[in-house]
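In the two complexes that follow, chain A is the common piece, with chain B as its partner first and chain C second.
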Partner chain A sequence: MATPCINKFSRLTAVVFIFSISCFQGFVYSNSATNVDSVEDFFKSGHTNNWAVLVDTSRFWFNYRHVANVLSVYRSVKRLGIPDSQIILMVADDMACNPRNPRPATVFNNANQNINVYGDDVEVDYRGYEVTVENFIRVLTGRLPPSTPRSKRLLSDERSNILVYMTGHGGDGFLKFQDAEEVSSVELADAFEQMWQKQRYHELFFMIDTCQAESMFQKFYSPNLLAVASSRVGEDSLSHHVDPALGVYVIDRYTYYALEFLETVKPGSKKTMAQFFKVCPKHHCISTVSTRTDLFKRNVTDTLLTDFFGGVRNVELLTETVSLDKIDLPPNNDLTNSCSKDSCATNENTKFTFPDQIPKVLI
Partner chain B sequence: MAVPASPELPTMLFVFIFIITCSTSVAQKDEFTEELLIKPLSRGYVYSHFQFTTKWNASIHDLRTFSHYNLFPKSLGEVLVRYGVQELHLSQTQGLWRHKLWGYPVHDAPPGAELWVWFKPSVKDIDGAWTDLVNAVSGLFCSSLNFLDSKSTIVPRWSFRPLGLASKSTSPFSRSVRYGALPKEIVCTENLTPWKKLLPCDSKAGLSTLFNAFHFHEANYHSLGLHVRPICADEACTQEAIELSQSLSVVTDVVSTSYTGSPNWQIRSLFGNHLVSACPIAAKSTIMVDITNNVDQSSFRLTPSPTITDTIKRGPHEHTYAVYDVRQFTQSNRVLNIEATFNQPPVLVELSPPPIHTHRFITGYGLEDGGISCLIHNTLSSNQSILYLDLLPWFTRVKFNTLEVVNNGKAVPYKVHYVPAKDRSRPHHLELSLTLWANSVTRVHFTFTRAYLKWTEYPPDANHGFYISSAVITALVPSTLEYTGPPQASSRLDSMFANQPLGASKPRFLVRIHTESLLVSLPTPDFSMPYNVICLTCTVVAIAFGSIHNLTTRRLVPYDPASKKGLLSKVKAFLQKIFKKSPTTAGQGDQPAQVNEGIQELTEDKSALGTDEKHSSQES
Partner chain C sequence: METITKKETNENEIRTHHIAALGIGILCVVIGIPLWWKTTEVYRVSLPYSDIQHLSDTKIEYLIDVDVIWATDVKKDSLFLPDLALNLNRLLEVKQHQGSTLFSIFRVAVREAEKSELLAIKKSSNVAELSGVLASDNVNKYNIIITQESSIISQPVVASNNNVFLPYNNADTSGLSAQIKHLLMDIIRESAVFKSLEAAQGLRAQRPDKDTMRSFRFHPGFDITFTLLVPEPDHVSVTWNIEHGLKAYLEPLLDSLKGYTKFSVASQILYFISLGGKPKKGDNFYYYSEQDLPHVINPLESKLGSHASNNPGLNYVVGVPLKSRSPLYILNNKGERVPSNSFISPRWGGILIYNIEGEGANVSTPQTGPISLDMHKIMEVFVTQTRLLLNIHHQWMTKEIEVLPTGSSRLHQWEIAGWLRCRCVENLVTATTTLQSLAQLLEEIKNIVINDEIGKEVESAVASIKESKLLLRNGKLEEAFLASKAAVDASELAFFHPSLLELLYFPEDQKFAIYIPLFLPISLPVLTSMFNAIKWFRQRRKVKVE
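Our next item is the complex of A and B:
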């Protein structure tokens, strides 16, 4: 009996809330008729910061293409304005400095070798054995040991738009990590739910390039999730082309066409997610690209691509002056109390010495 | 009133002067120098060592030091002060330094990553601080140093004494040092990027503009080093300073990478670019070329000619360097591209083997037992005492009783410190102090048993094998043959030119070398075995058991039409009567019905079969 009551009540509050928002918007429109466009833009996106979690789950040289996939997406989001500090890059194996790589310190996503996606300015946050299901879930949910450095944390909030890109080998309802373990679609859905409950995202765009990729987002149930997958259940996701000099496939089809589209996007672009969903028609991808929009509140035709792939830094200007207190250093006495016998040695005018490199007792 | 105050006046004056000197020393600018040492090695290899030294005239023990930064990187300073670090030495290396061929590098480093830290004596929970520190450092340098847990960390007893200043109260067997190594750690561009961001000029100006990841990673050896330690601020050593030494070493095989096979090299061919600027912040920006073996230009000629040519005597040996002042060259000529042109036919530089060099390898066969041997060569004509440190993972169970140190068939006396491993929590830690006889080879050998891991403990590429980190040999040698390290007082390379300390008639030089890291294979299960077993069992049950059970439990009994009919057959008969109206269908329909009814299965057997099936599904 209690549940319908609550539902009714919440519906009522929602109506009141929407009413108040529309009132407020009306107020804004009436007040600043000249700045209508800019104000509208400001309210539309609803997020104040962007994060990206890019995961390659495959180890071994023959999975070069998965590393190239994830690094290409990394390059794109960085180019569109998400800083390195807000990108968590997980790469399960080292392809750039792999002894089998004839061109060390490079990863190319095309046999033409136009773009070195590894570049000179890449920051890999989780690499090699660190790329595990546990670490991935911990990064998403924020349940990391206290001493974890900032670069390895997803420090998002309820106003963050997050892009989660995954690539690797998968099957119906799972994605393999490192050829040793796997994350299931249910675990992933629960992790996103936990993120939602902890207010760790505002909107989340999940993108996955693997076989039977669609199965990974079918179990999602948290709000504001938007998902795209490279293939349907029962379909394989295929690679695009081989680089004969490397002897391995260098990129997957879906990511290849997605990147082709992303390369045309500039930071101020008005391209929408609906356009992005159509980047790889079946005759290009061979697999069927599948999307999920039912959990997403906005219309994908109105959602800008840069809401997820670009970085925003909305600056709020304050009209009043904020005075900051001058922080005084602790007086000398406090420090002398806290320091030990050794650390206070500077106070005495002693001569310091270098210790013997081999203890005298041994000579 | 003035008279009683006068005795205090000198004291006041002294305090005043003291404060002024203190404040001026604080106000003194940090000093940053950039240097590059190029040394031609045997067989046409060229060793390039970049040395960036930041000297911060402040005490590492004073907490107020870390509230304001000038040239010292703040990201690193915060980590140091947070975890009470007194000294930190980190190296990330790809490739193996071959001591016998190449002599000694400026900073020796093992393949993979190595970190050793001295914590301040005031730090109480050192294990906790170490755990947090390795996490912080791994975040700072994009490395996996967070794998340096208690399973791969030791407290060295004799080796790894503080390289910088330490108070006299520090006991020689202090517990506040930690050492850990990751021989498998990959070093790639993502490690170079954060490392070079710590430099005051980044890679925008100065020698760091020569950093080119493609050339470094194509090289035979490539090592990034970062060392922080307290040193003397002045000659008299009354004040402390913090020294940050960042070094990058590359060994390039010039002969085999050049298209013509010529041993000629130039800065452009080594690093892909020539030098156009000196770092404006640097107090000194120099390039030194070691021409000890080429003083008479018998082997190669250098163009342009150096600013000065300097010869120093260190111990019994003389070293000659061609020194280029980068600022002077880049201002007058715009570019600096030092070029070594070899005489025809080319005579390559040949180095003599250095005083101490080693070779370490795995002995034995099979997956049960094994042994580790380390051959330590002493080419000196005098006895040499050394320290040997070995760190082995817990799963190579060392048999301590098999430890033997043999020289020329005779056992060598040694002093040993051995901490046995604890499964899954502590590695084996072996330290030896021994004397190498003159011109001899000493063999350190012990055997081990390979342990079984739990199946979740295997890494994803278990069949690749498991690495054992390098052994470390520390010695104070009287010779500087092929020795490039700076003296202890400063990490700057030009401090080699400083006057030798007085009274040191027989100076000794610290040599710390790392042996090869080893790869052992452990008994590795077939990880798909459980899956195969399940599949096979199910198939056997389904095919063999099912049909056999069916055959053995099913009984064929003749159908007796006179027997009493059940309810179902009554209904069937009734329905057949109704549908008998159409004669064709009835005739066809009757025949199979009778055949089916000819065999009657016993209901008791059916239920027995059902329970059996339940049993088999639970087992699988």
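Our next item is the complex of A and C:
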């Protein structure tokens, strides 16, 4: 049942010495934990909006399961209330349109084919060869070319909770992108630090399903990060089952059990992150699910799952309104300046230009 | 003889070999290595690091001009006014806000009212006329006018143009100055200024605060979208005159902030879309409780469409309930109806549930025409929400106070001043922290390229911050705000510039992997032959000496 996974990748490991400086930051504000309680006096949670960055990094038909993983998570967070405009979905290959797919335009995460996870309203933001380490880091840090549309941007603020889900092939300290390059755990930790510095998140939950996944979050040093990984260093993450009709594995073990848990969660659910961390014990996963909570200042047993996987907004009832003088509609009803083609003075002098076809990065 | 020459030529040849090897070796070391070093260097314009570091240490001081005008007929001895001035100056001395770098300075002048002013106050027959007295354009100057208690001024009256009319209650100078101080602190939104400083400094020091959590941080532009949901156009046709509503009720507010931030307003009508969630049934009405409301927004959000720009968006939704679910109310935790029937979601917008009245009575009679919604009622709700979401709304600590209405949604001068002051301080702190985190990142991550453009932006940001602080200290509020806005723009541009990432995904350890296969085959023979040459020359010198 083991899936092809890269255990040893010829990669030079140099000693990482740069980031020990800011490690103490995490403790500085643990003393503000008492403040969190008082948020509840007026709002239910400390965040006002939710974002999700869901990344599948591997291409080719035999990696069908990674696409199914990421689309399943996409479906779950959307069901729990994060709108498409706040989900950045990166899918490295188009399995639905793969010539080997016997059921074109569908992707299933189960051999029973209950749910087509590539349903009617999947909005892929980065697809195919756009899924690169550079683009991924750019999305996280916000350093995108000016011509990038809103839907491809992570426009989070200091009150955003972000879910980052990654799946693909990894090794000790890196995750492969597109069989061509890889993101290292140090780069990822740096990217999160830059996000923290610019107040781009309130709390961030990092979830990764890959071989030796734990190594990806070991280098994290920014505060308010919570992480879970499907396997320890030295372990492989395994796939769940094969669909004989497709001839490939359709989902990974950890994601399979995580989804099974998420399916039981409803938008108003009180399930906590601590319960979620117990998902997929060793006899199910074969690999050991590993978590990291030291950077996170709240207690995971009090942290709701929907703080990351859903969008339960804070609301405030409007008790009183300002009073405005009533202004009646003028009888001639000519407020709108509406005009037809002929009656309007056309300003012919304005010259329109097309935006850049290919976004170019200014160097 | 022959063998000697052979030996000599042989030695000469070896000598040439070694000299050549040494020459190439030296060439590699002297020219090659510096050239390689220079060409692979990360390009970085030198930034004013020490200036950036000092930015957060320098004080943010805001100066406020106060004129206290004595406009009563009560005769006091000649020492009364100087004594009041002295008292006020002592009370309102430079104040530091809870150990932060924020200071407030008041410049107080006390004078007697001129005859014309006295006359004007006396002439006003109602409070509304008071707003015309002492009109000034200076947003940063407050006039406290002490008048006789009369039928129209029985409690402090705040007019829209920074004037406060204070009825004189025969207090002594210290009592009066305490009263004035209290009013002043309230009208300048002193606590809000400090809150925006804290909020901009990040979560680190921040105490959670409802106003800052609810409202947007300053942004150069906002997109406002009004959406009308008509779930059953086949049963109930609904329309609204949104152009009129916007022009009459919202535009005065947006005009008040013209020049400070840009608003783009759009509206849409969505058919066959109803409010999400499942309303509960009460006696002959339906309702949402507060816990249901988050789930009303979520399903709607995907239908609202997304904005084209990257500005934060304010979404305002008017929802007409389904016929089978009306009337529909929002109940608070005590089970009472919320009078406005609307709610806010922080940093998102608001939803208003609009029940079409009298609709249940004549269900069977077909509608003659579309029902037009009452824009006045709708816009009252949304103007309030806009004021809350942009953090303009003033919360008075003083209870017994009369605020003269502006009549429209136009902002009071003191509201604009308070908003500008808060946003200016917020922007200064935001720009400073942005620059400082950029500097810190550059120190931590060596691969970041800083090109000339970013260098220029950083320098202009630093200059703008300094300028803004100077202007704020001199009481030029508007100019200070505009400078702080420029500082935020420049610093954001520098921080988020795409070119910062040119080399970032090329970690240090990978450099070795690239250079070793390149350099090893070249450097090994060069170095060994150099080593041999040196050995050979040393040996020869030793032979000669012997």
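Note that in this section the second predicted complex is superposed on the first by the 270 of 363 C-alpha atoms of A that agree within 3 Å, B and C clash if a C-alpha of one lies under 4 Å from a C-alpha of the other, contacts with A are read in each partner's own complex, and residues count from 1 in each chain.
Keep this in mind: a residue touches a chain if its C-beta (ideal position, glycine included) is under 8 Å from a C-beta of that chain, and two chains touch if they have at least 3 such contacts.
Given the structure is predicted, the values throughout are model-derived calculations rather than measurements.
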Larger contact residue set on chain A - chain B or chain C: C
Which of chain B and chain C A:Arg59 touches, first, second, both or neither: first
Which of chain B and chain C A:Asp325 touches, first, second, both or neither: second
Chain B versus chain C as contact partner of A:His240, first or second or both or neither: neither
Chain B versus chain C as contact partner of A:Gln357, first or second or both or neither: first
Touching partner for A:Pro83 - first (chain B), second (chain C), both, neither: second
Touched partner set for A:Arg150, first chain B, second chain C, both or neither: both
First, second, both or neither for A:Gly142, with chain B first and chain C second: second
Set of chain A residues, in rising order, touched by both chain B and chain C: 121, 145, 149-151, 329, 335, 361-363
Contacting residues of chain B [partner chain A, same complex]: 59, 61-64, 67, 94, 120-122, 131-132, 135-136, 138-140, 142, 144, 146-147, 158, 161-170, 172-173, 186-190, 192-194, 213-214, 216-218, 230, 232, 236-240, 385, 387, 415, 433, 458-461, 474-476, 488-489, 510, 527
Complex contacts: residues of chain A adjacent to chain B: 59-60, 94, 96-97, 103-106, 118-125, 127-130, 145-152, 178-180, 329-330, 335, 338-346, 349-363
Residue ranges of chain A in contact with chain C within the complex: 11-14, 18-19, 21-22, 28-29, 32, 35-36, 38-39, 42-43, 46, 48-49, 81, 83-85, 121, 133-134, 137-138, 141-145, 149-151, 153, 155, 157-159, 181, 183-184, 186-187, 190, 193-194, 197-199, 202, 267-268, 311-327, 329, 335-336, 361-363
Of chain C, residues touching chain A in the complex: 202-204, 206-208, 210, 213-214, 217, 241, 243-244, 247-249, 290-291, 293-295, 297-298, 301-302, 306-310, 312, 330, 332, 338-340, 342-348, 350, 376, 379-381, 383-385, 387, 405, 407-409, 433-434, 437, 440-441, 444-446, 451, 453, 495-502, 504-505, 507-510, 512-513
